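After this come two complexes, each holding subunit A, first together with subunit B and then together with subunit C.
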Partner chain A sequence: MAETRAKTIGQFLARQGILVAFVLFMIGFALANGRFLGIDNIMGVVRSSAILGVIALGVTFVVISGNLDLSVGSMMSFSTIVVLDLHDKIGPALAIPAMFAMTMALGALIGFLVGYLKLNSLIVTLGMLSAIHGLTLTYSGGKNMDIDDKAGTWFSFFGQDSVLGIPVPILVIALLAVLLSLLLSRTPFGRKVYAVGGNGVAATFSGIPRARVVFMCYLISAFCVAVAGLLQASRSLGSQNTVGQGTELDVLAAVILGGASLLGGSGTIFKTVIGVLILGFIQNGLLLVGLAFYVQYVVTWVIIILAVWLDIAAKRGRLLSPIA
Partner chain B sequence: MKPYLKQSAIWGFVVLELIFFSVAGEFLSLSDKAFMDLDNMLLLFKQSAPIGIIALGMTVVMINGNIDLSVGAIFALCAIIMLDSMKWPIFAGLGDWVILVGWLLALLSGMVLGLINGLIVWKTGVDAFIVTLGSMLGYRGLVFMYNGENPTSNLNWTMVDIAEADILGIETPTIVFVICTILVWLLMTRTVHGRNAYAIGDNREAAVNAGIRVGPHMVWNFVLIGFLAALSAVVFYSASGSVNPNDGTLYELWVITAVVLGGTKLTGGSGSVIATFGGVIAIQLLRKGLGHIGADTAMVNLVIGLILIAVLFLDRQLNRKGKEELRT
Partner chain C sequence: MTDIPALRLQDIVKTFPGVRALDGVSFQVMPGEVHALLGENGAGKSTLMKVLGGIHQPDEGKIFIAEQPAIMKSPLDAKSKGVVFIHQELSLADELSAAENIYLGELPRKSFGRVDWKTLYEKSDAILARLKCSFDSRKLVGDLSIANKQMVEIARALTVDAKAVIFDEPTASLTDAEKVVLFDVINDLRSDGVGVVYISHRMDEIFTISDKISVLRDGSYRGSLVTADTDEDEVTKLMIGRSLDSENPIVPAKKGPIALEVQGLSCGDLFQNVSFKVHEGEVVGFYGLVGAGRTEIAETLFGLRAPSAGKILLEGKEVKIASPIEAIGHGISLVPEDRKGQGLVLGMNCKDNMTLPQISDLTAGPFVSDGAEVAIFDQYRDRLQIKTPGWRQKVGNLSGGNQQKIVIGKWLSMAPKVLIVDEPTRGIDVGSKAEIHNLIRDLASQGYAVIVISSEMPEVLRVSDRVVAMFHGEIIREFTSDEVNEDNLVQAISGIRTTKVA
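Entry: the complex of A and B
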């Protein structure tokens, strides 16, 4: 009896370990600093994680379908720069759809290369990381982008305003998370994404258009990047060319922390959100405790390895790998 | 015959670049100097050395079926350890011998960092991509913890003299790069370890069944790339004498680009050290060449990205036979 109970607890820990760790962290930080669980602080953390989070939502689709996307950082720089530049040229009402169209065209290109031409997603998106960065620099001529009339534009709404006391970035990521979560868990398309990532060959034999599903995943990812670019541009109203550089790896860290397997076929939007929040709260908690910002890197390292290791260990039923 | 043909593809590309930039340079270049003069080519080799030395290790790791994203952070951490350790009070009485101590400490640290990666990959069974993605963050964190956000400097003129010494005009970085290429090539083509590394990358199950101890081979390869990342730092920072905590960021991406350009497969089991050498030269040539004809860095990024994808596409088209994929 006691044994089965221990086993159940073990299984629970293995399955929801990341949530348990999250709760433990929150309690620890809350005890160390009274302000940590204050509503202002929590809002602040969620808000500053929103941009990373929005991208992570899209990348979750790509990862579940069994691919990777390393180009999201460059792509976010691109959309931020483009929307800021067009803002003064054709006005915000036209600039936003134009930016979405351009960013999603890039996503479609990647989707075509990975989906229809079946090229390795890691290398394609690595190439696109470099190429889109070059594109951004060419577009901006290497200069920083700024909006002329910073006080008078309604464009700042997305990044700076609040609705009913809740900052808009939080509303955006919440809305997007709910919609994408429904898409992934409640629609035939969502099931196809899991099927393609879980076993591509089997999916093809059961009549699922693998290429089109992969293509759509990259399109969703690009859409999310465009949203993130919009939030970033609207928040700062000016930007360097390198604003998104390095985001791709933070995003992957969050997605992996949420428990999505890089081999594809597993992961959920909810877990990705948890992964993003864990990264955000650890960063914030360590700062509040008085540690320098770079300590979070080391902590993140340990957490990522432990999270994935325990997940794998639970699946194979033993702690250490059986490889000789 | 076929493997030689594949290996020589990258050299064909290098020759093509040389011809293109020489001709285009005649019309577009702002300077009177020819693109292909000796000084320029020697400089090219010297500038490729930091990325190139790491790329050799990445080739081995990728042939083995793994990947290492933490090389940039290892590079920076070892550079800091090298420069800082020379100022430690316990080594105060050593005079210029302290340089040797600093170098050895840096190389040792690189091997230890690689060992940590390798042991985690082996013992936990977590994919190398995730393990080294984590340690890329973790090691970078250690870099910052070492000296905050300040640069670490230690200019030692004897060290600079050694780092910039030359034999017949060929400078130290180039010499180290070439010697390393030859040694790693010998390791991969003439030793049991190399043969096993190919076997493991090609088919891990089969390698296990053939009695190859997969784990230790993988660990040694991670130690090797750690060592080479540290060596790259030693070569580079002995001359410059100052390291910023952000140095080496994105190196992993440049290195992987060079290796893939050289034709090494991400899936493991195939690849060549000599072809990686060619890939490194090709990238550096592209950078210099585009600069020569007046293009800016933006164009370099764009072109390298597109070439990478084109190479992948061509490679797939040429190697389709025999491995016909499932058509959809």
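Entry: the complex of A and C
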């Protein structure tokens, strides 16, 4: 009996290794710094993770469908700059839908290239990362973008206000997470996303329009990026051209930490949210214990590589294996 | 010959979470003996071989090579100890020459680590000559036929002083002529005093080549038989623990109206000017060699390939089928030849796989209706007698026979008019095979128009009302079940025209 119990615990550790590591991490930080688990700090982490989190929700669809999206950082810079620029030109009420349309057009382009033309998503989105950055700089002429009348616009609502005491960005990500989770886990479309990512050939043989499913995933990803751009622009009311730079890697890190397979076919919105929170708390914790912010670049990726290794080891049943 | 076993496994136990995959299995092969290892899918053959090859470590039990205890750390380690595997899925590098593949990882060297190409090619040619292969060892493996690739794999095994060679389903993709060559090689190994373990589902081969037969069932050893003193029935009984379900005799189909008619269909170089009819309530078998164009016809009917000429008529009306979605809409279903690659999403559960083609219709409001899905799953689980702990079970964990039933259930639940089944029992054990054959006959008697594509002649003869023989992309002849027999079928698919096309 004791042996079986030990085995069950071993299996639990193998399956939930990330969560266990996370809890140990949290306890360690809490002991090192009493403020870490304070309500203020927790709300701060959630709030500052909101923009990353919103993007990660969309990228989850892309990853489950068996593809990558490395263009989201550049795309967020684009949407932030565009909405700030248009704010003063045509007013916020028109600027927001215009920005959404433009961002989703970019998503549609990627979806067309990866879905219908079946080009490799790594190549396409790496190319788009660079191309969209160029597009943003061309649009802005390389200058920072600022709203003229920062005090007198309702545009700051999305990034700065609260409703019923809860900051709007947190409400936005919560609402979006619930909606997208329902879409992914409960609708026929969601099932098709898993099928296409799990085995695209079998999905085709089952009459699932693979190209259209992939296209839709990139459209959802672009929509989430547009929401993130809106939150970012509204919070700062001014921005550099490079505001989203590097976000794509943090997003990917969060999605992987949540346990989605880069091969596609697995992952959930809930897990991605957990991944986002883990990443947020780790980075916050490192700052609170007094490490310089650049340490987090190293630590974050050490943790991610460890996580991926443990995940694969759990599936293989041992840490090192002669076969992949 | 000595009395010391070339290879001996003693009381091997291996458990995985929730499964006792091997339960005290013992097995031995003598030098100069060809020992067939048999068992249904899931009986533990693969696990045993993985233990032997060092991919899994046994929980209990010992491995002896020539009575010396051995611990296998990895496949390379096993090889260095004289235990070599010839896998059914070839593990060769296509972009390297045959010689480089044969000595991969052990290329002969000159000073400064340079490869000694001259010695490499000389040694490789010598080994290939021993296998009676006529090709040059400088040839790229990617340019070789599957049979010759297998020879390279065997040659690789011969570079070490092999005590035991394990063949895992070696004939899966070989033609009859190529099989003869393979059996010659195995006979040579036998006379060289090597212990040969031969794993296969095919009874005829086992009785041709083996000296002894050992049987595994449910992870435990069920006994050994001397091949010369036994017969198929005894082996089958040992393997599945009961006598084989008798196959339903063919009830001549009550032919209904024509469900599908194909007129002069061509698709580039793949097949040309193909015409045939399938009636409701009838099974039409397509027989021919791999590459004869059978699968390609199925894929064209299912909208996966665009025909270059010809017509497809369903119930007398011409239809254009540009995608699987359209094919499904017209009532055509395809159970594809590659079950794991094309038929199933292995990471998904049984229910999700089964309802995949119609998932958009199984909704309550915007959401998938669990109730409707489970109802469909339950219905076809009962009808097809699928053995699974429940609908939550991942399809990847089922046996081959049950996986195939999931695929069949998936398409039956679409209520098709025409059901195409490509290689219905590939890689499926004998017990499930009979069940699937009976099932196909049942479907015909229920009025489905069924096309069965198969490379196994007994299968085609058993299930078909009519047999279409194909060679090089053309229909050579059509047989009724009365006139077809093994001889005229073999003639037809070898391209020998005995009579005019029917």
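Definition applied: the second predicted complex is superposed on the first by the 322 of 324 C-alpha atoms of A that agree within 3 Å, B and C clash if a C-alpha of one lies under 4 Å from a C-alpha of the other, contacts with A are read in each partner's own complex, and residues count from 1 in each chain.
Here is the rule we use: contacts are C-beta pairs under 8 Å (C-beta built on N, C-alpha and C of every residue); 3 or more make two chains touch, one makes a residue touch a chain.
The shown structure was predicted, so the numbers you read here are calculated from the model rather than taken from an experiment.
Q: Give one of first, second, both or neither to describe whether A:Gln240 is in contact with subunit B, with subunit C, with both, or with none.
A: Once the two structures are laid over each other on A, A:Gln240 reaches no partner at all.
Q: Of the partners subunit B and subunit C, which touch A:Leu126 in the superposed model: first, second, both, neither?
A: Only subunit B; A:Leu126 stays clear of subunit C.
Q: State whether A:Asn199 touches subunit B only (first), subunit C only (second), both chains, or neither.
A: second
Q: Is A:Thr153 touching the first partner subunit B, the second partner subunit C, both, or neither of them?
A: In the superposition, A:Thr153 contacts neither subunit B nor subunit C.
Q: Tell me which partner A:Asn33 touches in the superposition: subunit B (first), subunit C (second), both or neither.
A: In the superposition, A:Asn33 contacts neither subunit B nor subunit C.
Q: After the superposition on A, what does A:Ser162 contact: first (subunit B), second (subunit C), both or neither?
A: So A:Ser162 meets neither subunit B nor subunit C here.
Q: Mind telling me which of the two, subunit B or subunit C, contacts the most residues of subunit A?
A: B
Q: Now for A:Ser48: first (subunit B), second (subunit C), both, or neither, which partner does it touch?
A: Once the two structures are laid over each other on A, A:Ser48 reaches no partner at all.
Q: Looking at A:Ile304, would you say it contacts subunit B, subunit C, both, or neither? Reply first, second, both or neither.
A: The answer is first: A:Ile304 touches subunit B but not subunit C.
Q: For subunit A, which residues lie in the overlap of the subunit B contacts and the subunit C contacts?
A: On subunit A, the residues that contact subunit B in one structure and subunit C in the other are 201, 204, 209, 322-323.
Q: Sort out for me which residues of subunit A touch subunit B in the complex.
A: So the residues of subunit A in touch with subunit B come to 70, 113, 117-120, 122-124, 126-138, 142, 200-201, 204, 209-211, 245-246, 249, 252-253, 256, 262-263, 292, 294-302, 304-305, 308-309, 312-313, 316, 320-324.
Q: Quick check: in the complex, which residue numbers of subunit A touch subunit C?
A: 7, 11, 182, 186-188, 191-192, 194-195, 198-199, 201-209, 265-266, 317, 322-323
Q: Quick one: which bits of subunit C touch subunit A in the complex? Just the residue numbers, please.
A: The touching residues are 16-17, 54-55, 73-76, 302, 304, 323-325, 327-328, 334, 336, 341-348, 352, 356-357, 359-360, 362-363, 366-368, 410.
Q: Show which residues of subunit B lie in contact with subunit A when the two form their complex.
A: Interface residues on the subunit B side: 69, 120, 122-127, 129-131, 133-142, 144-145, 148, 208, 213-215, 249-250, 253, 256-257, 260, 266, 296-309, 312-313, 316, 325-326, 328.
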